[in-house]
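Going in written order, the chains are labelled A, B, C and D, and every chain counts its residues from 1.
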Amino acid sequence: MTSYRDAVRTALQTLLREDPRVFLMGEDVGRYGGPYAVSKGLLEEFGEERIRDTPLCESTFVGAGIGAALGGMRPIVEVMTVNFSLLALDQVVNNAAVMRHMSGGQFEVPIAVRMATGGGKQIAAQHSHSLENWYAHVPGIKVLAPATVQDAHDMLLAAVEDPDPVFVFEHQMLYGTEGPLDTQAKPPSPWKAAIRRPGKDVSLIAYGGSVHKALAAAEELEKEGVSAEVVDLRSLRPLDRDTIIGSVSRTHRAVVIDEAWKTGSLASEVSAILAEEAFYELDAPVARVCTIEVPMPYAKHLEEAAIPQVAQIVAAAKRSVVGG
Amino acid sequence: MTLDISRDDALELLRDMIRIRRLEEKSAELYAKQKIRGFLHLYIGEEAVAVGALHALREDDNIVATYREHGHALIRGIPAGEIMAEMYGKANGCSGGRGGSMHLFSAERRFYGGHAIVGGGLPIAVGLALADKMKGESRVTACFFGDGATDEGEFHESLNLAALWKLPVLFLCENNQYAMGTALDRHVSDSDIANNPPAYGVPADSVNGMDVVAVQRAVHNEAELVRETSEPRFLELKTYRFRAHSMYDAELYRTKEEVEKHKKHDPIEGFQERSLRDGLITQADIEAIEVDAAKEVAEAVDFAEQGDWEPVETITRHTYARDLS
Amino acid sequence: MTSDEIRAILLKCLTDVAPDIADEEFAEDADLRDELDLDSMDILRWVQGIHKALGVEIPEEDYGKIASFEDAISYVAARV
Amino acid sequence: MAEFVMPSLGADMTAGVLAAWRVAVGDRVSQGDIIAEVETDKGLIEVEVFETGRVERLLVREGEKVPVGTVLAEIDTATVAVSEAVSAPVPASAPGLILSAGSSGVDLDGPVASPAVRRRAHELDVSLRGVQGSGEHGRVTLHDLEGVARSSAAPAIVGGRARISPYARRIALERGIDITELRGTGPAGAIQARDVLSAKSSVPEVGKPASPAERMQRAIAAAMTRANDEIPHYYVEHSIDMGSALAWLRETNASLNVTERLVSGVLVLRAVARALRKHKTLNAIWQDGKSVPSEEVHVGLAVSLRGGGLVAPALRNTDEGSLTDLMARMTDLVSRARSGALRSSEITSATITLTSLGERGVESVTPIIFPPQVAIVGCGATLERPWVVDGQVVPRPVMRVTLGGDHRVSNGHRGARFLSALDRLLQEPEKL
């Protein structure tokens, strides 16, 4: 078994060894070994040129990453967490996302950006955001959310190989989780959702840190005679509409689990897709289980109450299936 | 003090400045006639900076500019027709009609564009220089920006990062005395802009941006130093824009007298008189240049008028490398 | 390419268009439209299938020469 | 004589006040001179003239507010060598769509609308044709657009407002179950699938559960019997000379490669869709006791399934896009219909149906309307017929077309005018 963080490091090593254009840039990725210990040991193997500790200037080192990609390199930029990426949003939205389209196809920005996301560690409102939906809203970039150890490895390889800007969100609660890792097998397309557990009565649709909670909820529902299917979105832009619609066309009920705030969330997007394209398959309204719309509180019992938990998922599924 | 340049250089510098001015005058006319829409920022008065600088840089150097970039694009080699067509929004424009006046691009000529976010181009220039350094290519990345950009966080971050990682960036600040409607001394604490960069270890100098020969010489010296040391340098070019910030600007922030005072240092008229006085060029040369410029502009307008509109069906093309649907 | 191979390819292209005839017996010399209840859309998709599989381009005016399955085999055999 | 017009000084400026003239009649002006001052929201702006010559006439008084583009003065440029003023004529009709905001001098495709509105319309898959905007000069605003999108959403299948889930409503139709007799056990008494599944269907359950084909057959039977009981049909028939259409088709197909080849059915399909643009009453849905015309034309194509059974999925916006595009969409739809891979929205969004049995050699067909539609077009075989052309009797390929209409909504006169419009369209195939 391998840990999620080791899977990411393995991918980084493979990329750095095989392609001289690849280099890693970010705060404390070198000497400190990475804020989540993902890049430990890489400085010793690849040196200061290709493992670059940056000053605390998110806008400029993300912008420099975009410039280096324009200049023919394949940079991997680590923005410590999505919370600090807000300073770099201008470079992302006004440069990375538009360069190819606005230049009439002349310029390519093959950059991969990794950042931790999500809450659950009692680090309060400024450090616990889930803002994947802000990035998944923007045409011109792609967004991935690896929930498993295998995806954490495969998706980073795909992100660096892709000619377009790709943003990979690693939920901070996953770094320590363990799972099987096969570095030889040919990985499935990262742009397709996956059925992590088949079921007949209701589709639990989730991504990133919420997938494990959906699986746990499905186990509990099984005991109460409700067969739940778990769909892991994996790709947040583009969304794999066919797999989502396919699943709900079999179960006729959907519960979407998303650690972001409900308003304007990816859960809202999935719900709108189902209302527009699977309307005649729905036997109950689409349910959304999201974080309570409040700045993330520090106290443990408050944070746990705010973030979607297994119990809320089970309740929502039962309301959808049994009704009343 | 006589000009120590050849006749050919004098003709070349004068020609390019006049080409820019006639193109910009025509753009103003076409904007009034609603052929060009959106925002339009004219370069009239600042021609000596683009001409002097681009004549001093090499064809292979990277150029990153701002939304006031028609002059830089034209002298860099993007055909006047493609620039005009782009301002019309036609498919045969240099950015396919997608960018407009503020976003002229040319991959072939390493012209990394017009950038409309003030200061937004600086990190890109730092990144381009980083890529060249890592690939072992000895190329200069010239980054043009206005005095307004020196207020942005990215300006300070970029100077620091370029100095820290010793990146071959030539920061060229076109100080035209105004950040849109705010005069220099009302938006910077130290209006001697060249004082800032040394705080980050970036050597800085200043030059009269109205004197095309001085600009060419200064940019040449700075660029060669950057090329040799692969370390960033900074040059302030003091200049002045004779027209409003953009087409919809009542210029409440400055007086007519101030504009007239600066117009006496018109970079074209000044250089024209000195070249005539030193016998480098003749009145006939000037008329020939004017005729050529008028012809180039007329052909550019025709090229734009003949261009097609991009059909809506291809609107999503180039959003990604391969279409997602 | 033998005529048997051509026959097999043509049959496969036909079953792509009309899956249910796969296990049906049909007279190979009879008019396909009547025999297998094919309309002009089916014929076009069959012709497109043959073009994709064998590169043989069958213009509209030659549709008469492939009215039956047998005719189609000899027509295609002469052009592969 | 050159015109000096009120210039546009900003993307959102539509008019300006001529604050003051800086020249008088008879003055000489040269390019770049300041000729007037204009008062705008941002303050006074000096305006330059782009021609060189003599001021002939001043047409607008100081203080007057005029729209951008209004002629303010005339300048006699004849006395001076005419400068290379822009004289290129404005393109007569700009093909396709203009991405920049609509400028007055250029012919637009459809009403005036900003790029943002056009992009939103594209996303909502809504056509702006015929939409009356509430903005200035009939400009379509985002608000208008959202209204149009809501009103053209797919209609409910059955009249009356029973609270029933969409899935339950669909399988009730398939099973021929009348939902008004059901009691819902879902939230607030809503009817859900289990209520339908457990109800006794009007058609007796026999032995083993029905196969999908049998279920479909029963659903068609239910729909057809209801159509016959409720809809008073009228029929009108018309013979159309298909000569020019088939000739154009042969000639076009010769130049197309096989993957883009067209069948005559696609010409008839496009002609029906275009004809409906002017006959909206036939392109409508019967809902809550009245006919609701649809803004868009989605022709349902009757496709007979090989194992028996019939389905008429809709080709959305059949009147838009190129013929090769329509052909590709038609081929895809037919093959997906036959392989049972249709999306539910395709089954229920047709605004009229076209059924052609010509391939089977029958001369004409008198079809039954698919509820809740209010009309149906039936085409017979195209056969060589004696036909009078310029007084001569000549053989021509002729097709008999029948229109079935719902007499509560339209009448024979309307049906006849539709068929003659269809005939005219098919005589000019190149325009389809």
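Everything below uses one rule, namely that a contact is a pair of C-beta atoms (placed from the backbone, for glycine too) under 8 Å apart; a residue touches a chain by one contact, two chains touch by 3 or more.
Everything numeric in this text was worked out from a predicted model, so none of it was measured.
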Inquiry  = Please identify the chain with the largest separation between its CA centroid and the CA centroid of chain C.
reply    = B
Remark   = Chains sharing the largest count of C-beta contacts are A-B
Ask   = Between chain A and chain C, what is the separation of their C-alpha centroids in Å?
value = 50
Task = Indicate the whole-number Å distance between the mean C-alpha point of chain C and the mean C-alpha point of chain D.
result = 37
Note = Between the Cα centroids of chain A and chain D the separation in whole angstrom comes to 40
Query = Distance from the CA centroid of chain B to that of chain C, rounded to the nearest Å?
reply = 65
Note = Multi-partner residues in chain C (2 or more other chains touched) are none
Note = Among chain A residues, those touching two or more other chains are none
Note = Touching two or more other chains in chain B are residues 97
Request  = Assign the assembly's chain-to-chain touch graph to one of these shapes: line, ring, star, complete, other.
outcome  = other
Ask   = Can you list every touching chain pair?
value = A-B, A-D, B-D, C-D
Query = Across the complex, what residues on chain A touch chain D?
reply = 252, 277-284, 323-324
Inquiry  = Can you tell me which positions in chain C touch chain D when the two form their complex?
reply    = 18-20, 33, 37, 39-41, 44-45, 47-48, 51, 57-61
Query = Taking the complex as given, what residues does chain B use to touch chain D?
reply = 25, 28-35, 37-39, 89, 97, 244, 247-250, 252, 294, 297-298, 301-302, 305, 308-313, 315
List of chain D residues in touch with chain B within their complex = 5, 7-11, 13, 31-32, 40, 42-45, 47-48, 50, 68-69, 84, 86, 88, 91, 94-101, 103-105, 118-119, 122
Query = Considering the complex alone, what residue numbers of chain D touch chain C?
reply = 250, 253-254, 257-259, 261, 263-265, 306-307, 330-331, 334-335, 338-339, 359
